[in-house]
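Next up is a structure, given as structure tokens.
For clarity, chains are labelled A, B, C and D in written order, and residue numbers in each chain start from 1.
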Amino acid sequence: MEEGKRLTCPVVARTQAAEGHVELILQSRALARAVPGQFAHILTPGVLRRPISFSRIESENDLIGLLFQVVGSGTRWLAERSIGNELDVLGPLGNGFPAPDPMKPWAAVGGGVGVPPLFAAVQKWSHLTGDRPEIIIGARTAGWVVMENDFKELGIEPIVTTDDGSKGQKGNVADPLSLWLDNHNEAQVYACGPIPMLQAVRRLSAGRATTYLALEQRMGCGIGACLACVVPTVGDFGLSYRRVCTDGPVFRGEEMMW
Amino acid sequence: MEEGKRLTCPVVARTQAAEGHVELILQSRALARAVPGQFAHILTPGVLRRPISFSRIESENDLIGLLFQVVGSGTRWLAERSIGNELDVLGPLGNGFPAPDPMKPWAAVGGGVGVPPLFAAVQKWSHLTGDRPEIIIGARTAGWVVMENDFKELGIEPIVTTDDGSKGQKGNVADPLSLWLDNHNEAQVYACGPIPMLQAVRRLSAGRATTYLALEQRMGCGIGACLACVVPTVGDFGLSYRRVCTDGPVFRGEEMMW
Amino acid sequence: MVTDLGIELPRGMKLSNPVIAASGTFGFGSEYARFVDIGALGGVSVKGVSPKPWLGNPPPRVWETPMGLLNSIGLQNPGVETFIEKDLPLLRSHPTKIIVNIIGHTVEEYRQVAERLTNQDGVHALEVNISCPNIKEGGMMFGQDPDQAFAVTRAVRDATDLPLLVKLSPNVTSPVIIAQAVEAAGADVISAINTVLGLAIDIGLRRPALGGMTGGLSGPAIKPLALRIVYEIAQQVKIPIIGMGGIQNAEDVVEFLMAGASAVMVGTITFQYPDRMNQIIRELPDVLQSCGFASLREVVGVALPQSQKSNVQRAGVI
Amino acid sequence: MVTDLGIELPRGMKLSNPVIAASGTFGFGSEYARFVDIGALGGVSVKGVSPKPWLGNPPPRVWETPMGLLNSIGLQNPGVETFIEKDLPLLRSHPTKIIVNIIGHTVEEYRQVAERLTNQDGVHALEVNISCPNIKEGGMMFGQDPDQAFAVTRAVRDATDLPLLVKLSPNVTSPVIIAQAVEAAGADVISAINTVLGLAIDIGLRRPALGGMTGGLSGPAIKPLALRIVYEIAQQVKIPIIGMGGIQNAEDVVEFLMAGASAVMVGTITFQYPDRMNQIIRELPDVLQSCGFASLREVVGVALPQSQKSNVQRAGVI
């Protein structure tokens, strides 16, 4: 995997990805060699950098995407960047998803801003697998569904769920995933989203599919030095806290202790 | 004197007044009713507002000037404002200079960014006095002399001094002031600048002229509530700390206890 | 929607809302009258008042730090007689609660000024300042030792039947021990916190930036420290707490309430935004609403460890 | 022009310059190797190490505050044996001074880990952490009481002849009393300060934001508090002080030196700007020059009250 560096990357495009969601496209040769699931740790005016996953990775033209929801001061500042502004980025960081096993059925399940890293994975690997991957994307409400069209442009029709039923199936991603798992054996499930969603994915997949979960945690350094970004995992002697920034963000479902 | 208010004032012009010195012209009916020597307390990104005197007051067209040296974060931010930006200002604040006695000789002595409030005074009152006022302006070096041309445009040739002799007389404002005082009786001297300069003005004028000194002090509220901005003055029972923001900025020389 | 922001503190002290101007940042009230709707505030705590006039510390008296403000005013004030004669009449014309912050060099001075202010028309409560870091004798000294904190509080308690706030210093190993001492001595309310003892160096002048050398740090920088102290005290005393330190907006107020404060004071931000307290009061109902609360009462202490919440609810006469 | 930034601390510990990476913010050193020129640093203080592995506190472990950072790591570490086996070899490949920050639940644990690290190739000094606010037993407890601070320091002193730094807590009424206790117990250097005990509330979740509830505040917000403590201690102890808390740039370093510190540590800012320490070291000569100093030695303690300067000069083996 590419070793992260400190980079200065120009913004070359900016789109309103959904209500309160922005996607910035950065030009960077180094970042464009990232693996889906890796992230950038971005300097914003606060005391800490902000971690954002790559929403797309186009190594042919040295472009990557950052798709984020505006939730606080850092993402608000990021959303105000425009073409020509430069971002100070550490990246690519962390361990991304493994390439899917081409012989096994593959599903990608994303909730909210968990969708972007899955799109990057599907964009990179969907041609590898015999069947196209099953894509299930959930959001709170219709206005917050992201990257649906990007999947369509890859020729894949995602299943969309919304909590309030304003788009796609009413409910969350668990129902369609459960259905899919019933019909696929020895499957592999890639997921990213809120913890309760990931817990559901793990529970549903247990004994039926290998799960790779991309986690979030509040970070300090982003590079493994401060032990801020830990999540509870199963260690040799019980609970063991491991770092999202360098041991993850992608963990296997059975590694998690929740 | 005009009661200060909280105002939002657009920047209508910006000029590079000297090396590292900027003058902003704001449009504001309320500020343009200020008395020379009063100041504006300006919101900048820091925790405190920044006090700046009015460098010119043009009540006919509702314009005032703020001429400042870039010395830190607040003035740097102010220097980056451009036409159309708005400033959040409390003002006009403080007690300005009294109108000069038209019957008495008048000198205005300014050092560095002490010059602007004196220009505002001369601009307003120079036609009142029989003789034109004597203007003495000092600076560290030639590049930092401010408002010389503004005085010339009023038809007054200022005496310029610089510490390094790079412009005008080498030395400080004390020598020309001393000379002038030797030739004028019952004079009135208006001064603004660094403390050592004001002390020299007071010493030279003692017994010969009435002095009005415009002082600076680090401020909190700017409106008399916090007692931050005090200077040592002669009180009924000895030392008494009085507020630059509301008891000043203009004090009579003999009021000071230094 | 929370429509009633009113709270009731001990001895029948009713505030229209929980937002009070912090002592020393709001003068004697009238200075800010043309910038602020004083009548809409929950209360005003005036600048510290002593029996005789105090000179205060040499300037400079303020210095900006990262998201903070160091001050070394040294409690310059005209003395209680001038306050009663000149400032109180102006102040009491506003329909708000007036809390007089009191200060002395000795226990006896605290007692004197408390006595003098009792039964003055317009004085609704006293706030005993045992935590000013900017004076050599008195002030913080009393707030750093539980026995002395007890002694001052008891002396003032004996001198007045006004609601008694005691304002604590953060510059101690255990704020809880001081809080318990003043509770035992008869304080009705704890104000927490006063400023944090700090220093800045003017590297150009090669000396401390403030005339008084060290100073008191206020502003957003100290908010986490202030919240921690409120949270600790709320678990160990039964009387209500007025929280303060770095409040900038209605969300910050909610943090203090959740940590166990029944009301708040707002100081340094007023220098930047004179009308911010009014704005906070206007926005508080919406913020409470968006956090899912139906009344102010429910919020107080909700972030405390489970077993402690009842304490606050008992205390919370709100 | 100041060209020599070298300083010498007691027991012959020579640093190429006074800028050291602060414990806990720089891991075991090698994590930052590709972002920082580690060899150019005055030293590196590694993450706190205990005799056995520690689990640390539940997440979330960090929270941003106005110009500050709250953390509740809880000293997760792999234990001294793994440190010696895995981390030390990588770290000692860099030509800098390695300071190992040590921690224990009991005096005996501090002694054990100190003993184990003595005579390890590449360990140049120990920093006794008696000030971590994030663990229930040990840590700050020892740093809040002069007798316990003395006991820990003495036990470690007896176990090692390495240069001994003792890191103090700001969360005390009198840092001077603790400083004097550790000086009397044989500390060679005082590190001041560790983080300030603080709290934040996640108002959406209605609970403390950190998994460990309270946390330690670092970053620019605490600089005035840190400077005040250095300034107080420098007037009352003779051993050198390494100052820290909120340093962002070379000017901040000069403030600490003027307040009486002989060297500094830099922590939180590294998260934003990994190479900021390198930049500070490059810029320090110019800043000293522009303040009119010809050597580092002249700067130390220059802002202290006149009578105290000699103390520091005596202490300042720089």
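The criterion applied here is as follows: contacts are C-beta pairs under 8 Å (C-beta built on N, C-alpha and C of every residue); 3 or more make two chains touch, one makes a residue touch a chain.
Owing to the predicted nature of the structure, the values given are computational and were not obtained by experimental measurement.
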Chain connectivity with subunit D absent, coordinates unchanged: A | B, C
From subunit B, the most remote chain by mean C-alpha position: A
Euclidean distance of C-alpha centroids - subunit A vs subunit C, Å: 47
Between subunit D and subunit C, distance of the C-alpha-averaged centres to the nearest whole Å: 34
Chain centre separation (subunit A, subunit B; CA means) in Å: 59
Centroid distance [mean C-alpha coordinates] between subunit C and subunit B, Å: 37
Set of subunit D residues in contact with two or more other chains: 65, 67-68, 219-220
Residue list for subunit A, restricted to those that touch at least two other chains: none
Pairwise touch network: line, ring, star, complete, or other: line
Chains grouped in pairs wherever the two touch, ordered by label: A-D, B-C, C-D
Contact footprint of subunit D on subunit A as seen in their complex: 3-6, 43, 46-49, 90, 217-232, 239-241, 246
In the complex, subunit C residues that touch subunit D: 65-68, 70, 144, 171-173, 196-201, 203-204, 206-208, 213-215, 217, 219-225, 227-228, 231, 246, 248, 251, 254-255, 258-259, 291, 302-303, 305
Complex contact set, residues of subunit D against subunit A: 24-28, 31-32, 34-35, 47, 55-56, 58-65, 67-69, 71, 73, 76, 219-220, 268, 270-275
